[in-house]
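Letters A, B, C and D name the chains as they come in the text, with residue numbers starting at 1 for each one.
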Amino acid sequence: MTAKLTNAQIAWRAAQDIPDGAYVNLGIGFPEMVAKFKPDGREVIYHTENGILDFGEAPPAGEEDWDLINAGKKAVTLNPGAAFFHHADSFAMVRGGHLDVAILGAYEVAETGDLANWSTGPGSVPAVGGAMDLVHGAKRVAVITDHVTKKGEPKLVKSCSLPLTGVGCVTTVYTSLAVIDIVDRRFLLREKLPSMSVEELQAVTGAELVVGDTVADLIVPEV
Amino acid sequence: MTAKLTNAQIAWRAAQDIPDGAYVNLGIGFPEMVAKFKPDGREVIYHTENGILDFGEAPPAGEEDWDLINAGKKAVTLNPGAAFFHHADSFAMVRGGHLDVAILGAYEVAETGDLANWSTGPGSVPAVGGAMDLVHGAKRVAVITDHVTKKGEPKLVKSCSLPLTGVGCVTTVYTSLAVIDIVDRRFLLREKLPSMSVEELQAVTGAELVVGDTVADLIVPEV
Amino acid sequence: MSKISPSVEDAVSGIQDGMVVMIGGFGGAGAPIELIHALIDRYKATGSPGSLTVVNNNAGNGAVGIAAMIYAGMVAKMVCSFPRSSDPKAFTEKYLAGEIELELVPQGTLAERIRAGGAGIPAFYTPTSYGTQVAEGKPVAEFEGRHYVQERWLKADVALIKAEVADSKGNLTYHKAARNFSPLMATAAKTTIVQARQLVDPGGIDPEHVITPGIFVDRIVEVSDPKQEEALLREETK
Amino acid sequence: MSKISPSVEDAVSGIQDGMVVMIGGFGGAGAPIELIHALIDRYKATGSPGSLTVVNNNAGNGAVGIAAMIYAGMVAKMVCSFPRSSDPKAFTEKYLAGEIELELVPQGTLAERIRAGGAGIPAFYTPTSYGTQVAEGKPVAEFEGRHYVQERWLKADVALIKAEVADSKGNLTYHKAARNFSPLMATAAKTTIVQARQLVDPGGIDPEHVITPGIFVDRIVEVSDPKQEEALLREETK
């Protein structure tokens, strides 16, 4: 396989599609990285499930207030205009469709928009957190992920084999190789690495890639 | 018929049964009078549907703040320790069973505890307000009322003829002639005016009065 | 991405014929008089927006606010709990003449339906109204031996809200019991339009004291000396 | 009718074997450490209260707070959304050994179920978890072409809450994101027990700034220098 985007580059690409003024929830872990790449001049207001709107970057080490954390239990700061609220109000924002974008990680995404990102199956301690709410709340539910597993198997599939987080919920997938929208229960290829052919990309994708009139080059700076 | 209690005396009697520390909602109109007769030394916290806990008496004329009103749209004041909240939280208090006592007026009360107090039937503009919520929320739902209508007909009946406010909800009725608990879908006579016999009281009551071992005298001061 | 409108006329300019409009306030407390009258002025000048469905606890009092909307003929339907007031003539006359529709909703159910609309809860069960006329035709269910009525969410195209302080990101506080339905309605409308007595920069409201977070607010207009409906009515009848 | 308890020991004295106990906090923010440890101390001294069902977003971290309850053997069941943490050993070991039961609830559904318990709403519909393992066995319904899962209210015998300021009538404020589930849990428990960093007279909290009105609070104990769970954990692992 040819070169692929780093996680930082995937996060950068996802960040470019967040519109000015958007209310955004970034999932725990990798998705949090998207905040670093907000384009200059855009205002993005970040929501965290545990009851803050408009939080900012992590404070310097040693200056943490452990009552001011995000959903990943990491210390954050506040931007001017921040607000606190309780968990029911927080998930009213989520479930009520008030977030513009949620960005989540994935184990698998199906061409139907089904997402599996919470459980690798029996044998471990199950933990779902807010993911099942987020996938049904935001106007856009984007996934950022490597295009394949560590073993090289497709993460974009016809149907998920792992326990589902949500049915028909994902709208866009930003991978290490491509940007793919889910339209009418199909993977619609929007952008791909210029170094790869459509055939090469199809070979590492577990369901058909629909190619429209134009497929743009996925070009990401070193970040 | 012999002497009967005035409205103020009915309100006085109902006020005596409100325990110290109770959270209480008084319906619009006649029930509001109950607040005047709170026994000295008892603390009662009043709730109003439109989002205030622990409001106090009316302000002097000319000093009203029309953003500080009760459910009857009358100006009120605040006690120290008051709180404001929105309507959903206000009715969470009601519906969630957090009020100790609600006191309402009535057109009719049935021996089953059914209450009719919101509509006199077709032809007028229907208006229900918060009554249907209050009857299912408070731990005790008390009614204060004249024992009979202006035409002399019983207001305590076997079953209500007017549109219901709630089914099986009333626990006690304070009338101009008696205090009656509703127990096991029967009117249980607790107190009556000493000047009346049980038979006289039964004659103006539309369902059987169950008389227990003791019926106390209903004695109320001039107020 | 400024949410600030230059005028009440501009703030309400997107409201169209047939829309569902939630209007904050309980009686006169919280009634956004200036937004309402900007809408009435436009209707009188242009004939639009008409055929509105208005959601409010009441159905107007005297001849200002919602009563003035009804008199102007803009309102096809009221959704409310208590269409009575000290002077309910505007609604009563049209209602008895069959010229305005009424959906009567118990007050707590009205509040909860609006909250549900904002919170993405399409239906819920409440003990309120079980066994009454108001529950006729609604599904019922039994939970732990008690009966409940299924109620549906209530959403709107627009909410008109009166706030005390707003920051430019849309965070709001209210004034005393003028809060009432407004924080709920702000969540349940596609577009939430706010008149605020005072407009401040972000950070001007303590994050602990925000009642309506800015995510629920689309447009803000400063009305620094707002009229109070009850005070206007008392002037009228003097 | 004072709601003030003289000590944390007194405040938690009514909690009995087998009760359902809601505990505020999200991770360490809002965890009522002193109330929890008063309960653990009593269990270690007397063997009671045991067999508790604990409701919290998480299932403990390290060896303090809920993790310490689990290590002590007081907890029969956890109801939570995310039983993982930076050091989840206490729960994980017992869970994999089959010694503790888990009811896994999506976070927003957990919040809404608790709110419903406090608000007298026995059941509601949510899109969350539709079509997933978590929804298995639950009723589903379709509204306007979309599928929803019916969820039931969640109530408790006791809630343990950490507040910032309390007045003697029980009105509460919280500290930043330590608010999280606490205002909901305070409404959903038969008895709500609060540790507050500062206790003030009625009137000491502006009525506009009250987050939990006193009607939801039964007992208050002042803990003027409360421990912060995350800070304790970082001490532990230094």
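Methods note: a contact is a pair of C-beta atoms (placed from the backbone, for glycine too) under 8 Å apart; a residue touches a chain by one contact, two chains touch by 3 or more.
It should be emphasised that the depicted structure is a prediction, and the values quoted were computed from it without experimental measurement.
Interface comparison, B-D versus A-D: the pair with the greater number of contacting C-beta pairs is A-D.
Note: centroid distance subunit C to subunit D, computed from Cα atoms, is 35 Å. Centre-to-centre separation between subunit A and subunit B, using Cα means, comes to 56 Å.
Separating the CA-averaged centres of subunit A and subunit D is a span of 30 Å. Shared interface positions of subunit C, i.e. residues touching 2 or more other chains, are given as 112, 115, 119-121, 126-127, 174, 176, 207-208.
Residue positions of subunit B touching 2 or more other chains, listed in rising order: 52, 84-85, 88, 91, 94-95, 136-137. Every pair of chains meeting the touch criterion is listed here: A-C, A-D, B-C, B-D, C-D. Looking at the complex, you find that subunit D touches subunit C at residues 112, 116, 119-127, 141, 143-144, 146, 148, 152, 173-174, 176, 207-209.
Considering their complex, residues 48-52, 65-69, 73, 84-88, 90-91, 94-95, 114, 119, 125-133, 136-137, 163-167 of subunit A touch subunit D.
Residue ranges of subunit D in contact with subunit A, taken from their complex: 26-30, 57, 81-86, 88, 91-92, 95-96, 102, 104, 106-112, 114-115, 126-134, 147, 174-184, 211, 228-231. Residues 1, 115, 117-121, 167-169, 171, 187, 201-203, 205, 207-208, 210, 213-216 of subunit D touch subunit B in their complex. Contact residues of subunit A toward subunit C in the complex are 20-21, 23, 43, 45, 47, 52-54, 78-85, 88-89, 91-99, 136-137.
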